[in-house]
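Below is a structure I'd like to ask you about.
The first chain written gets the first letter, and so on, giving A, B and C; residue counts start at 1 in each chain.
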């Protein structure tokens, strides 16, 4: 899985993962406010029920009494008190929601495009990345998001932000992370076979590092050996959403043993999956589709440099 | 008026009702409840229409001008007349006038058929000009949302036509029962209920005509 | 047992045709019950299949597509074929005319027709199973559903047809409740189950047609195009969600309201107490029915709906919770100074009370806007609606089934095994679904085929619970079927109930009552009955 850290289960409290923004902390306060009201009321209701169960069991002989069928005071009380509590929760939830929604004017803007099944990030300086979102710490960041094909939803649990992405329309979220590190991003609106692999990573870094990262076009991979870079891109670019490495069939063919194998195409032709074919399959995936698979792969032309494509080919070669 | 003559069949109250009045009232209430669901059924389409007309007023204006308001107006007149003949049919049934009931129902059916014939020619002339539902739309239009109008148009008029067809079937059914002499002053529930249905179908069209044909 | 058998609705006519063409509401109810039980089994099978796959973070034995089909079919079968018809169509059909002191529902032929419409819808659903099972989720969100190459059309057509079955039942019940009450049964002498069915029928009639037309539009959209949900033409995919939830949120009350009705019956009978706050409970059913039409937007908090709309929907969502809370308080207070008998149906009452409270409280987390942003579309939502739908509706259905079983079939089931099964179901259910609350708050999104390794312990734990839950249902199936053949003969009124169905024979006569009963008091006057 495209997992870089253990940011959810083993951080934070029993119920919530670590919060890395001020607003997230406030959301958590409301969560626990409702939580404790619920727990106390629940114990109350169950406790009273249990008491009645024991006290008024049929086997306990008791004197006949007049049946009480209503009591206006108590009925008004248990209508009004919960209503007031609910209004408090409503108000609190709404005001925090407005804070979550209203981005400060000076926020850094990053464009996010969701498509089956990967996340594209476009920065103002022209840098674009897939599956890796870098933001500076202690700085407001606004994401302007849109979907290419179907609905998606962008979710960063540690920041308590989430918003649907819709084709032909823009939606936004904003946050101000107060802690550096790497955090998980999910797609939370069902979008098909690769939905659960439509993941990305959020990297919160100090401003100077962020500037370097931007200047290098999204982190430099120049020194990385090709096959190693290929392994990184396999996850980062979302190849893993459709191509397994263990030979099992997913949306697309597995990469295990695929290099230099003979492939039957939907057109009836047979090709050898050599460097040229793989390159073509990456930049123009609709052209020669292997028989038995749907023609759903998006093109990676413009998203991958020549070196990146070579790296992926090397990585595929290594899958024997 | 009492049931007279031998040409009528006496109505037996179903076993689970206490009397004819309870039976009639139940049937009528049930029909009204069913009408309520019919209104809600069409309402979503009207809501969709309202939203997109609000969003794309120019496109709706252009699309509407492609419809023949004369045909629409003619059909409106046909349906209003058929509503009138339906009222007369119900009235005749209530007064045990078998022959009149039958004839008025017959006229109603003929008018309904006329409506469908006009509708058929309307559809055909649209298809002829390449005006199809959006997936097959190939007519020239200035605004790119014109196909949405026709998407809604075909769905809503198509469903309305289906209701007319069902109505014709129902009227044929009560005509046969009328001929057998089942309806008279003491029992006319099915005629009344079908009448109710028929007025509803007319009413939908009376809303549709200005909304679809007379935009602008 | 004497050799002479008294004629009842089960043996007055014999042969398969006498069932298939019956107009008797009791037989129609029993036929519904059979189909609903089969649907529950089918839905349960899919549930088990997908929980097994979730034992491991990556592929275990299903492909991604098969997994997506499994959760879609689980949802679609459970919602459209099981829960919606469960209490109204099966138990309601059997019990409603009996409780009203009527001979039948107002339109027996329509009743049979709605059963066959249900069967037709079920046939389409089953057909879609074998014809490229649908993978869109039971909500059929556009534009995914118009692009999917699976059998979206036959499944949506199935849901459309099933909707009509539900509407016809609603029409029938409204006319029945208005016009078929026994002499002396005023509105405020009706049993609360009848009140609940009345409120349910209102929603069935006013909400179901909207989802009907919506699904029809979806079918047209994916065949020849309408454009209104298609962003490429200027349409709006979110409009589909509005239409869909305008029905589907009230629909959860189509499921829950009858369940609450059953609860009111169980608590009075097994506590031998007059209900506390009869009118408040009756009115709260109507209040829920009305407000339920105004809260659909809380499914769209994150869909790009305006903040103003979100505020209104959040407020109304809290308001719709209040009447449910009132009912809970009333039931608990009814137990006060009662004569409580812990029979199997009452155990399901207690399960309902426990689980439905959790379902309701977790609803407050989701109704609060800021907290919902975090929890939306996570396992927290999955756990929440299973607590209300399964912990609520299914527990009430089982309670009602055990309560009316002797009346329906004239046989008693094993009380001992009934209690054991109830315990298994209760423990298993919490095991499976409470775990999922934590998964959700920790950030695990729903409808995930693969998941992060760190979630595995909780997922595996949840999956283990399904076996306990499943065992409970298997035990139940065995002793219920066993009781049909070997069960003790049931007396006319095994629980000491006061509503009219207990006045009728067990099983009831073909015409329900030998003579039409006359009603002189409210439905739960146990004080007069000597308790």
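One rule holds for everything that comes next: a residue touches a chain if its C-beta (ideal position, glycine included) is under 8 Å from a C-beta of that chain, and two chains touch if they have at least 3 such contacts.
Nothing here was measured: the structure is a model prediction, and the numbers come from that model.
Asks: Identify the chain pair with more contacting C-beta pairs: A-C or B-C.
Replies: A-C
Asks: Name the most central chain, where centre means the mean of Cα atoms.
Replies: Central chain is C.
Asks: Approximately how many whole Å separate the CA-defined centres of chain A and chain B?
Replies: So the centroids are 50 Å from each other.
Asks: In angstrom, rounded to a whole number, how far apart do the mean CA points of chain A and chain C lie?
Replies: 32
Asks: So, what's the distance in Å between the C-alpha centres of chain C and chain B?
Replies: 35
Asks: Please output the residues of chain B touching chain C within their complex, sorted ascending.
Replies: Listed in rising order, the residues of chain B that touch chain C are 14-16, 22, 25-27, 29-30, 33-34, 36-38, 40-45, 47-48, 51-52, 55-56, 59, 132-137, 144-145, 147-148, 151-152, 154-155, 159.
Asks: Any idea which chain C residues touch chain B in the complex?
Replies: 102-108, 110, 167, 170-172, 174-176, 178-180, 205-210, 212-214, 216-217, 220, 223-228, 230, 233-236, 239, 243, 246, 511
Asks: So in the complex, the part of chain C that touches chain A is made up of which residues?
Replies: That would be residues 57-59, 63-65, 68, 135-137, 141, 143-144, 147-149, 231-232, 237-238, 271-280, 302-304, 307, 310-311, 314-315, 318-319, 321-322, 325-326, 328-329, 332-333, 335-342, 350, 353-354, 357-358, 361-362, 364-365, 367-374, 376-378, 438, 441-455, 458, 526-527, 530-531 of chain C.
Asks: Under the definition above, what is the set of chain A residues touching chain C in their complex?
Replies: Touch list, chain A to chain C: 1, 3, 6, 8-10, 14-17, 26-27, 30-31, 34-35, 37-38, 41-42, 45-46, 48-49, 52-53, 56-58, 62, 64-70, 74-75, 78-79, 82-83, 86-87, 89-90, 92-94, 96-101, 149-151, 153, 155, 157-158, 160-164, 166-169, 171, 184, 186-197, 244, 248-251, 294.
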